[in-house]
Each structure stands twice: as structure tokens, then as C-alpha cells.
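You will see chain A twice below: alongside chain B first, and alongside chain C after that.
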Partner chain A sequence: MADRTFPTPKTGPALTRKDFVSDQMVRWCPGCGDFAILAQVQKTLPKLGIPKEKIVFISGIGCSSRFPYYVDTYGFHSIHGRAPAIATGLKCARPDLQVWVVTGDGDGLSIGGNHLIHAIRRNIDINILLFNNRIYGLTKGQYSPTSERGKVTKSSPVGSLDRPIYPLRTALASEATFVARSVDADVQHLAETLERAATHKGTSFVEIYQNCIVFNNGAFEDIENRATRDDFVVKLEHGKPLIFGKDRDHGIRMKGGLTPEVVTFKPEEPPKDLLVHNEKAGAEFAYMLTQLEPPEFPTPVGVFRSVEEATYNDLLDAQIESAKKPGADDLSKLLAGPETWEVAA
Partner chain B sequence: MKCPDCGVANMQGADVCDGCGHDMSTVSHLPRGLGKRILEGTIKDLKPRDAIIVGSQDSVPSVIRLMREKKSGCVLVVDGGKVRGILTERDLLSGVAGVVSPEEAELPELMHADPVCLKEDDPVSFAFHHMSVGGFRHLPIHREDGGIGMLSARDLLRYLST
Partner chain C sequence: MPAKTKAERDPHLAISPKNRKPDASEVEAVTIRFAGDSGDGVQLTGGQFTTATALSGNDLSTLPDYPAEIRAPVGTLPGVSGFQIQFSSRDVLTPGDRPDVLVAFNPAALKANLKDLAKGGTIILNTDAFTLQNFKKASIETNPLEDESLAAYKVVEVPMTTLTGNALEGLGLSPTQVSRCKNFFALGIMYWVYGRSLEATIAWIKKKFNKVPTMVEANTRALHAGHAFAETTEIFQNSYRVKKAPIAPGKYRNITGNEAAALGLVAAQQLSSHQLFYSTYPITPASDILHNLARLKAFGVKTFQAEDEIAAVGAAIGASFGGLLAVTGTSGPGLALKSEAIGLAVMTELPLLVINVQRGGPSTGLPTKTEQSDLLQALYGRNGESPVAIVAPATPGECFLAVIQACRLAMKYRHPVLFLSDGYLGNGSEPWKVPGIETLPKFEISHEPGVPPEDFQPYARDPKTLARPWVLPGTAGYEHRIGGLEKQDITGNVSYDPDNHEHMVHLRAEKIERMKADIPEITVLGEPKGKVLVAGWGSTYGAITTAVKQLQSEGKSVSAIHLRYLNPFPSNLEAILKNFDKVLVPEMNLGQLQMILRGRFLVDAIGLHKVKGQPFKITEIKEKIESLLENKES
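Our next item is the complex of A and B:
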């Protein structure tokens, strides 16, 4: 994994979590999963060694999009769904900044779905955090693009007919170079995932399962509950087999080479043909992992894919440098080129 | 969220009024303290009563007698420890009275199958949300000890008024 470097050297005393806590009163519902995510982001930022004034959080509209108020960095609570577009412009104009986008399942995948996929496919050097609570919380509980089919809400009184959109599959279909998933309640895993995302060069996309305590409480109950999560979650680790369960006695292997299946074994004798995670593999491998879903499979969390590719910013910088070289086409030459003529009086 | 200054209806969560720019960050549509109680209280705080439980094979007349005896507007239909349905006065009014004699009526046909059940550590706001969305007046509550309680709209009214 390539580490990002920023031109500003580390100076002054080391920053701590407190340095990233703003003076704004946090206005989320008591018990909201956003609090846990905020805390982990504030813990992660000091580890990056980037000055506060070089960090920017950009959000759209929604509960999650209040995020920039609560982090003591520069920020922009922007237009519904347009945070990736604004982040794109900012990162191109100021490549020295570390740019984060905070969005939700509605803001990112419905209102701003188009902006999201284009930011990802360009591989702009930004970090996108998508808080997925499978509901519109700020507007009081309408079904969102990630709500399950049949969901009864204020806007779907007899059940939603829509098939849900899957954030990670959308990111992979957009050629994402870094795709990960974590859970608000698993703070250690979340912190590790955020740090990985922050140091990835290119667009990092992290889906965070987030509980909306008022309008969709328990949406991720099995995954969030400490007592059950070991049986319902498989943690992806590069180069390691997919093993899960409280007793580490379940694993995943490919049946006939193509179809995943769960196998049970004695913990001391894991089968040799268990699927081994490879985050450097092609997108199709990561896509297959996103299709592991309950009740048949545990929910995978961790880094699904992390590969290096040229970023949009690298290419843009190179193009600008190339245009500055002597002999390169200039605008006046272009304007007075062979395709111009004078209209006789 | 209605702006107290100009009366323009703003989107929930708006920080400034679309109409006049008034600071909406401190405006709440609920009386002081009530929003906090709804958001921070749990269903356990409402002390829901024990649910009155019947089996799906029980006769409708026996269930009606039980509801009268217990002065309850609803019963929970449970088979083998699993909640199968909920039967309310309203179901009896619309499905039995003037439609069919209670002796001929079948409980599984009258009840609402697979009702929404909450847990006692769910917030009060979540109960409000489900009653509002589903049009329910009763919600079965799974207790930590394995028992089942029944939360009624009246319990919520009582909670709000005290």
C-alpha cells in the first residue's frame, strides 16, 4: 500500500483527539451511531501527522452531513448529494489538502448517486465515508436506496418495492481502488479501517453500518451486538483465510471454484481449501465478497479491495506540467491557427 | 420545522430558515424537555404490562371472554414461544361483529400475523415511530428475561403527560 505524503512537514507538538473536537454542540439523537464514528475519526486524525488546517471535511445533507461542524478542521456542509463534486474541485485546486467526504445512504446513493460514481471512477485522492443506516433519518423515517425490499416506512406504508442498492458493489462497479466496510459499534475495527482509508492514495470508499436509533433501530443488530457479532461477521484480512464464529470453527470456501459455501470444522483443523482473502485481486473477487449476505453467510467487514492506480490528481498535475513546457501549444497560437480566416470587407 | 420568526416551513434539521435566515439550530417543535424524554427514554421506562397470551388453536369466544375478564383491548397469539400474531378489539369489530358468529370464526384468520415486536431497551421514540408508521395502538415488547410485554398508545400518552 502506498502511503500518502503531504508537503507540509510535521511541526509543533503532536496533535491529540481533543484537537479535533470542535466547540459545536453535537445535535444527533442520543444513542445515534454517528457519535461512535465521530469519535473514531477524531482519534484517527492525529495519527496521520497532518496539520489541522490541511484537513477538510465536506458533506451533503442529512444527519451524517452535520459531521463537519463537529470536527475542528476546515469543513463545508454543502449541497444535497454534491459533496463528491465539491471535494473533487477542492482536491484539484489544493492537492496539498487531505479531503474527506461524509455522506449517507440517501445523500450519497440517491440524491448524489451520479456525483459519487464519477468521483470514484476518476480515482480522485479523497476519502469517502458513507454512513449506511438504511433509512432517511433527518426527514423522519422514509425508505432510502439501501432499505430492504418490503420495508414499511412513512413513505412506503405497505412495503417498499425497490430492490436495495449496495454501496460497495456500486463503488466496485465504478472501478474503486479502495473499498472497505466497517460497523459503528466495533470501534477498534472502525479505527483501523479509517486509518487504512486515510493512507490510501486515490479514492477510498468506506461503507459504515450505522444504527439509526429512532427510525431503524436494530437494522444491524446481529452485527453490532458484542454477544453475537463473532457468529455473524467475517473479518477480511489480506492473505488470511475467511474464518468466523465465536469458536473460530466456521469458514468459507468455494464450491466447484465458483460458488461460496460455509463449512464447519474443528478449530484446530481448518480445511486447507478455505478461501484466502486477497485485497489486491481483481474487482470481481471483491464483488463476490460483497455478495456474502445473511442469513446464509456472515457479513464481511474490512478492506475488500486496495490496489494502486494513478490518481486523477497525479494525471492532472502531469498534464498541467506538460502544458507549461516551452514549445507546448499556447492559447494565442491556437486562436490564430490555420483554421482561422478573415472575412473580406 | 416552522420558523418562529416568519412562519416558513423548513426542512427538518435546517440550521437557518429558508425564508428569513433566522437561526433554527436551537428551534425545537417540541416543548422543552419533552423531546429529550422521547429520545432518551426507553420502553422499559414505560413499564409495559405483561401481554395476555393465547394460542392460535384457542376458540374466538374463549379469547373474547379472556379479553373481557382481563379488561384488555388486545391479546398476543403465541405458539411454541413464538409470536404468531396480535388480535385487537378492532379486529373483532371488523371481522366478527355482524360478519360471522364468534363460534365459526378462526383466530388465525382474524389476527394480524407477524406483528412488529420491539425490545424493552429500544427508545421511546422508536415505539412512537412504529405506531405512527404502522397505525398500531399496541406493540409487543420482548423483555430481557424472555417474557413478553404489551405497550399501548395509552402508555405513551401517560408517559408524555407525567
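Our next item is the complex of A and C:
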């Protein structure tokens, strides 16, 4: 039985951002944060050294999920919430492909929450980008599972009652091997984060704060605004202390070893006991970082956790490889089964 | 302790022990049901009896009947598990209407099955289990061995547990272990009564327990002891022989529908040169297909146990997009969950095979019982005009070729195909002539774009099949996007154009119509014209065919057709339907095919409906046909 093989072509002229722009008109609202994310993805892909026919974008339904139409690779705009399942099937079937999932906070955490956690726990080698605008964009502005409690929308005129779900904590609780957060407006950070996600083997989960200018404008105002963001964001860098602030005069340390607190200091004399980021630490460390939230804390962005573990698709292929023995795939023998008898003429 | 027999209780029945037993008498067909607790090894006993029967050259058909609970309380009615087999010297198409012999391992098994037993039938029971405590568990008020409730039957009382214990003396087994061997004692009895060889079962025991020599010894001894007991005691006055059936020569095996479907998928993988991806979420009675395939990694088969049915079909669609032979299997409730994603495969025109081993519904319904009530769900259970092809095998063995054909249609026409099996086909078994691989039809499936990249159109059409190109990710220069939004024909771009949408709705329906080129015309069993035509589909085949043949041999004007394709219908269906005065549609639902035939062909189809979780009996169908022939009803 022939597995189709797709040889990687000899590298032709290097790809550029333009090679990843499709001929489709982009139909997001002017000023939507999705544009910036699209641009950074198109800028990152050429850096990966992967031929574009080997790249597939799969999405569910939502404004964010229109994404595949705009990237000139293979793409699949599927149904609401199911992109991780479709991506899982594709990656198991075709491990030679680089598979990306683009999903929204509703798509990924409401209707598709089940598929999301299971894709992550299997550690399928795919990259999941969750565009979190804390609102249902496509259906015109209902509160979403990441909306803060009390959110007033058309479907919650006196405030939503649900407690929000936190994408990164959901991912960590699903044993994610790569968890990161970035922001649409910080293009450089976003590009770096996307590249890290793309090169991680296993499920990469990236939450991207995305401004929906029409239905939830300003949800991440402090974080996105160039004038304020240094004071409201702490960038996680492996092996480095958590320092933030325009003047780099704030940091985070652990009070009594367990509870984080913000400390202020002279930039040239940071305290020795500042919390040092470690991507390789246990999930509980990353989980603690996800609990740093405004107003008390700056919002951490960057790679929270990145550890190596076997991927589902590799293990699946290994099981099949190790089962292959001469004669073990004799179809006639299989059809005959354990017991046959002859009926004579 | 010698068994107390009815003969002892009634001296008139006794035959002198000095007399040699008479020679075996010949019978044409026998139906036996084994029944006991789930833990009594009923299915295993039935399976061994089936093998021995097949080896002796009879034709046969079997049906297991599982309780819904895994370990219902021991000795209770919900815990009763059954296995029925009919074997004969002629063609056998059903496991039999009514058992002639019931082997009951406990009072609950007797109580649950007695009503099905043929009048005058034989009951062989384990008297050791007929205790007050067990009567209570089975809610039996008086000892059936002592009241008149069994008067209409021949009752053979055998203290199976005690006798097994005697036979196993010295092996140092616990009472529980001894009790576990009593099914082989019962099997030994049945082997004597029907003249079966013990060899195959002894070989099986050796293999099965090869790590535990004591159990090999114990079970073998129990089997021999049962056989010797039947031979020497006077309880069994008679043994029976069923002559070999006229079966086409060749190599045979016994096969269930679920096994045949799994093997068909592996064969389809080879015939199409497309790796199989089988993605599913466990559900009775479909899980055995997964169990069978999960073992076949050496064949390159990829199985995926998803988090739910939606993920299972989603993963299959992803695998299909990647160019594999993508299949998802389930039962009714799971099909309901898959419906939105099947619509996605219709829209994206990707090959997909969906297997539905139907069970009693609605909701969780009757997980272990059979029904044909998902036909309308299969045909129409999706939003929008969302046609899928439907293939429905008629017998367990037929599942093999039917699944291959379903894969072929899906891949050739780039469209979802639904395979409608049911619990009766999936778990029932029959002898199956092992096909030579070289006799199976190969199918060529191409992924070549056929045009240079600049001319490529993802929704271009093959003029014959209307299929679109199945160009796979990894093909340089042909990058394209597909999705669930309506597509413009040819270009595959998203389109909200009203005329295009109408065109596409018709086009998707037309793709199904074009499949007629690949499906055989139906053949009529009997005269092409007449008074009554019985039209069936799926697992009712055996009962319908047997009933119709019996009436035909009595000179009655009745014919039958059996539909293996329910969408599209074979091209000669309408003409056939219109050649008969009356059309009868027996179904294990409330008239789903009946409604379709009426709607589609304006024929006044009459229904015969059974929804008891059990297959039709031949007599039920016969009686209905007879009453139609006698004009008792119209």
C-alpha cells in the first residue's frame, strides 16, 4: 500500500511576505486587530524555510476564522469550533505538513472548547493561534466566554453573569507544552512569538489579544497603546528577571515564596530576589504567571512555557512503523481469519 | 449425583438403560439458543458451537443478544445474555424464528427466553442454579421445575455445576473456577446431541489458555465430560444429524458484519492505494469495527479515538483533505452529532465514508438492540439541501464488498457516503466465502491537477462524475482554500450569488444521481410482474427472502427486491415497483423507506413495521404477505 510521499522541493528563490498574500479581498472592518496579525503571520512564514505548499491554515467560524482565505497556502475554513479536530486528522494523516489553526475566543473556547483541550493534551504538532477579542465579532457583539463578568452587550443588557475562562490556564490545565501570549499591536513581539510557536514541536498555543474595533473597542487599551504599554506589560524572557515599566524600575518577586508582588527600585540596582522566568519549569509556574493580571499586576506576554514532549503524530507513526514486519501485512491471511474450512466441490 | 429426568418422574417415558440408543435421526434445520448470565460464557459457547457447526458443513446464521449493562447483577433478568444459531442442510438466511432448543444456565435465562421457544421444544437447564436465592433474583415465585409452567416442553435437567465439579476433581480448583468451566460441559452435551467433533474446540482451548495449563486441562475435561454424559445417560434418548448444506465449494470462515466491514476497509485501502484513516468515538454496536482495525497497524491502518463524534468526523475530514481514505464509524446518536460536519464534507466535496451501525432509538434508546430507524436521519438529517449517498448491506458477509463499494463511490465522486448497517448485521454472523484479493475491483483515484498551476480551478468538474479535483496539500503551485461557505462553481471562491447557489444545490444533487452509473440494477427474486412485491433494505433480507421463497414454492404470486443502494436508487427501481399490484415494505421502523417510495414514485406502498429491537421473524412477514394476497387488507 503506497503512502503518498511529497518530496520537499529543492529550495528555489527565497520566499517573501508577498508569496503568502492571496488574491482574495480582505473583509475585516477597517481598524480590526486581525489585519496586524495577518501581516505578522505573512512576514513570519517566509522565515521558516518551509515551502508554502507544505503549509496549511485551518480555521473554524468567526471574523478571525476568515484568516485562511487571505494566506496563499493550502487552507480550510471549516465549521464553528471544529478546526482543532480537523487539524488533528490532517496532521495525523500528513505529518509532512505544517498545520496552523486559527480560532477565536468563541470558536476555540465556547463551542470548540472540547476539541481545543484534547488537541493540546495529545500534543499534536500543530500551531494554534487564538484571537482573543473577548467578544463574538461575527455575530455582531454578544459577550464571549472570555468577556469579563458584568459585560454589557446586546445579549447581556444588564451585564453578563458568566465568569470568564482564561485561555492560557485552559491550555496549561490541558498539559500544553508551548503556551504564549502576544498582542496584535506589538508587531515585533508578535512576530517573535509566532516564530517561536512555529518552531516548537508539539502543540503550540498562542493567545493573541486582538482589538475588535466595532464591538469591543479598547478592551486591551493599556496594553496596546504605545504610550502606556511598557507600564502595563511585562515581557517574559527565559532566564531573565521580570522587570517592567517605561523606566524599567518595576519588577515582580515572590512574597514568602508563594505570592507575587510588585516592587519598585532604581533601574541600575534591581533587587537580587526578582522572579526569574523559566520556560522549562513545571506547569504550575506558568500557571502562576497567568494569574498576574491588571490592575494589580502588569499583563505578562511572551512564552510562558516551552517544553519538549513526544507528539501524538510521531507516536502514532512509531507504532505503525514498529508493527511492520515481513509478512505481517498479508491481506489474504487477514481475510481468512483465525479459522477456515474447505467446502469440497 | 445422577440427573433426575422427566423420564424418571414419569415411568412411561423411561427407556430401558440396557437398550442401546437409537441411531441419530435426521433433521433439516435446528435453532438453538444459549442463555445465561453475562459471566456464564454464553457468547463464547455460542461461538464455539458455531465453529463446530460450520466445520460439519451446515449452513448457518447466528445472532448474539447482549444485555445493555456490562455486569448487571448476577442471576437477574437484565443480566441475561443470549446467543442464537440456526443451522441447516439448506440455505440459511436468518438465525431462526423460534429456538427448538434452549440451553439455560440459570432461572433468569429460562424466564427471559421461554416465550420464544417453539412449542414442544427442548429445554436443557442447569439445575444447580435453580435455587431459592436465584428464583428471588429473577423474581420467580414458584420453582418452574415443580409447577406446570414447563409442561409444554421437553425438559432436560442437568446438574451442570456438580457434574463439572466431579469431572475436575483433583485439579485443585476453587468453586468459582469450576463454575466457569460448566459452559464447556454444556457444549460437550450439545456436541454429542448434534454429532459435532470436539477437535476444533480442544485446539481453541489449548491456544486460548496456553499460559495456564490447569485451565486447558479443566476446560478440556469439562467438554469431554459433558459429551460422555450425554452419550451414556438415558436423558438424551436421541441425537440428531443435519446433513451438509449444498454450499458453493471454496474456503470459508465465519464472519460478523462488523468484522466484514473492518476487513472491507483494509481491502479498500489496498485497492485504492490510499492509506486508511479510521476515526471514531466508542459506541455500541459500532465499536468492534474500531477494535478490529486498531490491531492492524502492520497494514499501515491509522485509527484515531477522538474525544467525541464531532471530533471523529472532523479528523476524518482533515485526513480526507490530506488525501487519505477517511472513514468515521458510529451508531445513531453519534450520527446525530456528526451531521453538521457531514454537511461540511458535502460542501467541500471531499470523500468521506460514514458508517452507522444502527441501534434502537431515539436518544440512547436500546444500545444493544437492532433497528433500522436512521434511514431518514441518514438521508435528510442535515441543514440545507445536503444529499449523501447511502449504501446498505443485507447480510453480515455482504458488509465486506458493500464497504469497498462505498469507499469507491466516496473517492470517485468526492462526496460523503453513508453506510447503513445495524446491530443485527454488525453482531450477527454467517459463513463467508473468503474472497481472493485478485477478484476484487481495484479503483484508480487520481490527485493530479491535470492542468498547469495558472489554469487550476479547485471546483472544476469531471464531465462524467461532476467530481472536482482532489489536489492535496503538498502539491506545489496549486495552493487553494476550501470551506463551508457556498462556493462558486469552477473557481471555488466564496460566493453569495443567488443563481450560483441554486446551481450548486442542483449540482450536488446531480452528483448523487450520476452515481447510478456505478451501481448495479436490482434483480427481482421471482416473477417480474405479479400481485405482491416485497421491497426491503438492510438486515431484513434473510427473513424477507425466506418468507417469499416459501410462499413462491406454494405457488403464490409474490416477488421480492432488496435495495442495497438507497441514494441514489438503482435506475430500474421505478419500473419494477409499477409491475405489481401491491408493494409491501417490511422495516424495523415506522415506515421510512415506505414513505420515500411513496413520495418518490407515487406507489401505494404498504408498510409492515416492527420496532422491538429484534429482527423480523419469517412467519411475521409471511402472514402479512398472505393477508395481502387474500385481499384481507389493502
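Rule of thumb we're sticking to: the second predicted complex is superposed on the first by the 316 of 345 C-alpha atoms of A that agree within 3 Å, B and C clash if a C-alpha of one lies under 4 Å from a C-alpha of the other, contacts with A are read in each partner's own complex, and residues count from 1 in each chain.
What we mean here is this: a residue touches a chain if its C-beta (ideal position, glycine included) is under 8 Å from a C-beta of that chain, and two chains touch if they have at least 3 such contacts.
Quantities reported herein were computed from a predicted structural model and do not represent experimental measurements.
K.L.:
Applying the touch criterion given at the start, work out whether A:C63 contacts chain B, chain C, both or neither, answering first, second, both or neither.
P.N.:
First partner only, chain B.
K.L.:
Kindly classify A:L316 by the partners it touches after superposition: chain B alone (first), chain C alone (second), both, or neither?
P.N.:
It touches chain C, and chain B stays clear.
K.L.:
For A:L331 in the superposed arrangement: first (chain B), second (chain C), both or neither?
P.N.:
Second partner only.
K.L.:
Quick check on the superposed pair: does A:Y74 touch chain B, chain C, both, or neither? Answer first, second, both or neither.
P.N.:
Second partner only, chain C.
K.L.:
Is A:V152 in contact with chain B, with chain C, with both, or with neither (first, second, both, neither)?
P.N.:
Once the two structures are laid over each other on A, A:V152 reaches chain B alone.
K.L.:
Report for A:I86: first if it touches chain B alone, second if chain C alone, otherwise both or neither.
P.N.:
Touch partner of A:I86: chain C, not chain B.
K.L.:
With both complexes overlaid on chain A, does A:V234 touch chain B (first), chain C (second), both or neither?
P.N.:
neither
K.L.:
Quick check on my understanding: which residues of chain A belong to both its chain B contact set and its chain C contact set?
P.N.:
Touching chain B in the first complex and chain C in the second, residues 77 of chain A appear in both lists.
K.L.:
Under the stated contact criterion, what part of chain A meets chain C in this complex?
P.N.:
The touching residues are 1-4, 6, 9, 22, 24, 51-54, 56, 58, 61, 68-69, 72-79, 82, 84-94, 96-97, 114-115, 118, 316, 319-320, 323-325, 328-329, 331-332, 334-337, 339-345.
K.L.:
Hey, which residues of chain A end up touching chain B in the complex?
P.N.:
Against chain B, chain A makes touches at 27, 29-31, 63, 66, 77, 138-141, 152-154, 157, 213-215, 217-218.
K.L.:
Which part of chain C faces chain A closely enough to touch in the complex?
P.N.:
Per the touch definition, chain C meets chain A at residues 51, 54-55, 57, 200, 247-255, 259, 263, 266-267, 269-270, 273, 275, 277, 279, 296-302, 304, 306-308, 310-312, 314-324, 326, 340-341, 343-344, 348, 434-437, 447, 472-485, 493-494.
K.L.:
Along chain B, where are the residues that touch chain A in the complex?
P.N.:
11-13, 15, 25, 39-40, 119, 122-123, 125-126, 129, 132-134
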